[in-house]
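Chain naming follows the written order as A, B, C and D, and within any one chain the residues start at number 1.
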Amino acid sequence: MKRIEDLSVKNISWLNSNSYVLELSGTKAIPDILPGNFAEIRVDHHPGVFLRRPFSYLDVDEKNNSISFFVKVVGKGSRKLGTLEKGELVNVIHPLGNAFSIPDNKKVLITGGGSGIAPFIMLGRELKSRGNEITIITGGRSSEDILFSEEFKAYGEVLCTTEDGSLGEKGILTEHPIFTKDNFDFDLIYTCGPEGMMKAVAKIARDKGIACEASLEHLMACGFGVCLCCIQETTEGNKCVCTEGPVFNTNDLKW
Amino acid sequence: MKRIEDLSVKNISWLNSNSYVLELSGTKAIPDILPGNFAEIRVDHHPGVFLRRPFSYLDVDEKNNSISFFVKVVGKGSRKLGTLEKGELVNVIHPLGNAFSIPDNKKVLITGGGSGIAPFIMLGRELKSRGNEITIITGGRSSEDILFSEEFKAYGEVLCTTEDGSLGEKGILTEHPIFTKDNFDFDLIYTCGPEGMMKAVAKIARDKGIACEASLEHLMACGFGVCLCCIQETTEGNKCVCTEGPVFNTNDLKW
Amino acid sequence: MVDLSIKIHELELKNPVATASGTFGYGEEFTDFFDPGALGAIFIKGLTLKNRDGNPYPRMAETASGMLNAVGLQNKGIEHFIENIYPAIKNYNTHIIANVNGSTVEEYISLTEKINELDHIPAIELNISCPNVKEGGMAFGVSCPSAIAVTNAVRKVYDKTLIVKLSPNVTDIAEMALAVEGAGADTISLVNTFLGMAIDAETRKPLLSTITGGLSGPCIKPIALRMVWQVYQAVKIPVFGMGGIMNAADAIEFILSGSSAIQVGTANFIDPQISLKIIKGIEEYMERHGVENVKELVGALED
Amino acid sequence: MVDLSIKIHELELKNPVATASGTFGYGEEFTDFFDPGALGAIFIKGLTLKNRDGNPYPRMAETASGMLNAVGLQNKGIEHFIENIYPAIKNYNTHIIANVNGSTVEEYISLTEKINELDHIPAIELNISCPNVKEGGMAFGVSCPSAIAVTNAVRKVYDKTLIVKLSPNVTDIAEMALAVEGAGADTISLVNTFLGMAIDAETRKPLLSTITGGLSGPCIKPIALRMVWQVYQAVKIPVFGMGGIMNAADAIEFILSGSSAIQVGTANFIDPQISLKIIKGIEEYMERHGVENVKELVGALED
């Protein structure tokens, strides 16, 4: 069940020049959160920000009643949230959206670009606990953008691409040699990041007949299914990204 | 000459539960400021505040390139300014408006209510230096509202009224016995505060044939004479409070 | 205890706070946040005769103190509503009001006839003001003859409370209000969204797939308030005001300028509990000002 | 170096940034902040034939992302302008454009004739859209026949650049634009302010002495932008767009939707140097996007 509540800023830690982890904690037990779910965060005290901003959960700490988000600064709201002080209250509606499917004992590939890596910390942990064999590949412009590698290493093999070649393979994510290897035999691919990247990953998946789940980052006004602004065309007509997504099987998308 | 500049918050000191002194300082020499002048302060980062807010100078510290304002919290902007941190930048257009007239060696009465006492610290100092004999009377709801008495004492006699009788005479400002004394023989009366109070003071002055100057606090959109929103009806037609005021001889007002 | 109840034509509202069509779904999405039964009424999302996919993505753009939408009346059609949604919501402890949309007068009539059958829907809101559809919608609401034609036609087949929702995209709102009053409207609601547009300077592209969309939120409040005041002075039937209401003070401003009741729209997206807070806020205001009955505030603007 | 110059009818502007009438005085109040000669043009505050006191105080109310004003064309009349103000401003190194207001067609004509004599005023802006006067003003700008009548009449006595300023308070802005184009306008400027209203819930009183006033600022930008785009598509003459422009990106949005040049209004109150910053911002944008000539951006919205 979704709820609306004020949480307080526990910590903000900057990871590089344009992204940070925002940790919020409450006094009540946090709700049940699944990998892929997101929250709608209200950005107060900024004249230019009217609507809430959606962010996927980066992680959940049930012991401390705290949740965290990985935020990439792209505009007014994401910048403002990064200037909050410890103890300030932030109004949150959550948890929202559907979740990634979690198979048992399969071989899975996780592909994340930019802020799209956010949901994969929780996803990776869940996948690992269910006996899956995990490969994670993240892409970025330069080494600065390749984040959470240590965390990901605990789940499986970690690969990366950078456009400037400063870390891992040079190029965009789908240019990584893994995609052309003969033994590219995953059972399921997950993707989250810029739409171009997700479409490229989905195409590879489709070509190879592998199931693929993408988490979409559509513009949202409400986040809980009433405004109908966040729709995605699917084979079954328009679907709400906020309630019927953000996770979709890419075969259902008209990509 | 007026100018626009960023000044930094040097200090904010709260005087009671709803008013504070805001001190701003710059790196350049501050402009020439006369008693009665005001500044238009921009309130950033508050969604509800669109226009600047006008405030009279409380004091000027030329040695430290700093200026200060006495701010009473009445709404969004005045509240927000009080939450600024030391070092934050505040954009200011100043100095604006005309000034009180300063006679030499006369007997003057200063009457201030609420935030209307702000311009009288500078005025009192100037009057004193020009050999005037000064009486200052301030009014408020309770003793909490009677501020700057120490500073005023350096200039002359200090009286006060409070509506609840917790300090000075009980009642509103114009109920103070001084106004009914036989030797009420001032050459000039200054007034600033709620319009009702200023009108009452102006009436007494007119009845006794004493000149009276009032500093008006009209709503302003620009503060420098272009929007024509701040007008006051006078015997010579509409005048701009921001450029032809805020100080008016009350005989010129259609009060 | 102050009395918040108000009668709008034959509708007895327990309080003057309703939620606006298209911003509250069918109410179901809000049950996690509060009991919709606390509301004066719920205007459910726009219905059409047949399934409508609405406009392509993107359909939303944030603007200064507001937003543009170009949803375009996405809904699964009246049959789907009757079978799958109506049964779940008909027993809410408040009035469910249907928002009725057509591309032709005939469509408005057929849709109204079907809704007329539904016992738990005591009123319809005739939407002649949707700016986001190619046919019908706002076209009906920006000229007197067509507004009269559709109101007249619907009036003939409907005898419960008929609310006509006006478009603000007109030169003379009072004239439109008089026209639909004359054509049989029991109540007028206004405003629907203002036709607006947003561009991304960097990409040189419009932010909405449809280029233009409907503007809502606090940015439009001053214009909406003026229109409500003009309509209140022009007509005798009650007015349901809206446009940028974000808190109780805004709601009271609309009531003072002549709204018998108000609708909360875009604010629901930002704070899903806002309508509950507005009800409480009106109550507090009345207590503070010694107003016993909310009716005393309707049109009580002083000069 | 990018080329910011643009020709509007016979006016050669050094850049597309002008200041809007009523928000920049006669330019003199700004000389402490920057040299008005840097501007493409200055639209000076509204002139009338005779002295006008304007409306009583209060004339201003702040709103969400905007403000209402009810100034009501306060000015000392054309004679006073010619004798006391014109000599001081006529040699600014930019175009001074007079904003012309009348309560009758005859007044518009007389005023225009007097301004026609002034060599350093190369254009007039015919204001048929002021919402804050009882007679004339917006009344001319909300119906085609009267807009045509006044434009026609003024055209007969004026052969410099005639700019007609449209009111946004209409159902069909393109129709109004076509009407004044047909009546002889060389250029169209839009939008003037939207008729709005504000109330203090606590006192139950309107915040303006006139109850209603004109809404300006970023809140109106989406509607203004839509109207500029509609007018650009409807007429052949150039468009001077405005409404809520606060920065260079806003200005570029207006240019992309069809404004040959833009006017900065309310923003001048908040940042008196804003028009200078907008000129710089457009220049930077053009450099960043490899646009050599600002003309290339006019109407260059991509679908």
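Annotations
Everything below uses one rule, namely that contacts are C-beta pairs under 8 Å (C-beta built on N, C-alpha and C of every residue); 3 or more make two chains touch, one makes a residue touch a chain.
In this text, all values refer to a predicted model and were calculated from it rather than measured experimentally.
Chains that touch both chain B and chain D are absent from this assembly.
Of all chains, the one whose mean C-alpha position sits at the greatest distance from that of chain D is A. Centre to centre, using the average C-alpha position, chain C and chain D are separated by 34 Å. The centroid of the Cα atoms in chain A and the matching centroid in chain B are 55 Å apart. Inter-chain centre distance (chain A to chain D, centres taken as mean C-alpha positions): 47 Å. For chain B, the set of residues touching two or more other chains reads 47, 49.
Residues of chain C in contact with at least two other chains: 63-66, 217. Shown here, the protein chains touch around one cycle, each chain meeting exactly two partners.
Chain pairs that touch one another are A-B, A-C, B-D, C-D. The touching residues of chain B, counted against chain A in their complex, run 44-47, 49.
Put simply, chain D touches chain C in their complex at residues 63-66, 68, 142-143, 169-172, 194-199, 201, 203-206, 211-212, 215, 217-223, 225-226, 229, 244, 249, 252-253, 256-257, 285, 300-303.
Against chain D, the residues of chain B that register as touching in their complex are 1-4, 42, 48-52, 91, 93, 218-233, 237-238, 243.
For chain C in complex with chain A, the touching residues are 22-25, 29-30, 32-33, 45, 53-54, 56-67, 69, 71, 74, 217, 266, 268-273.
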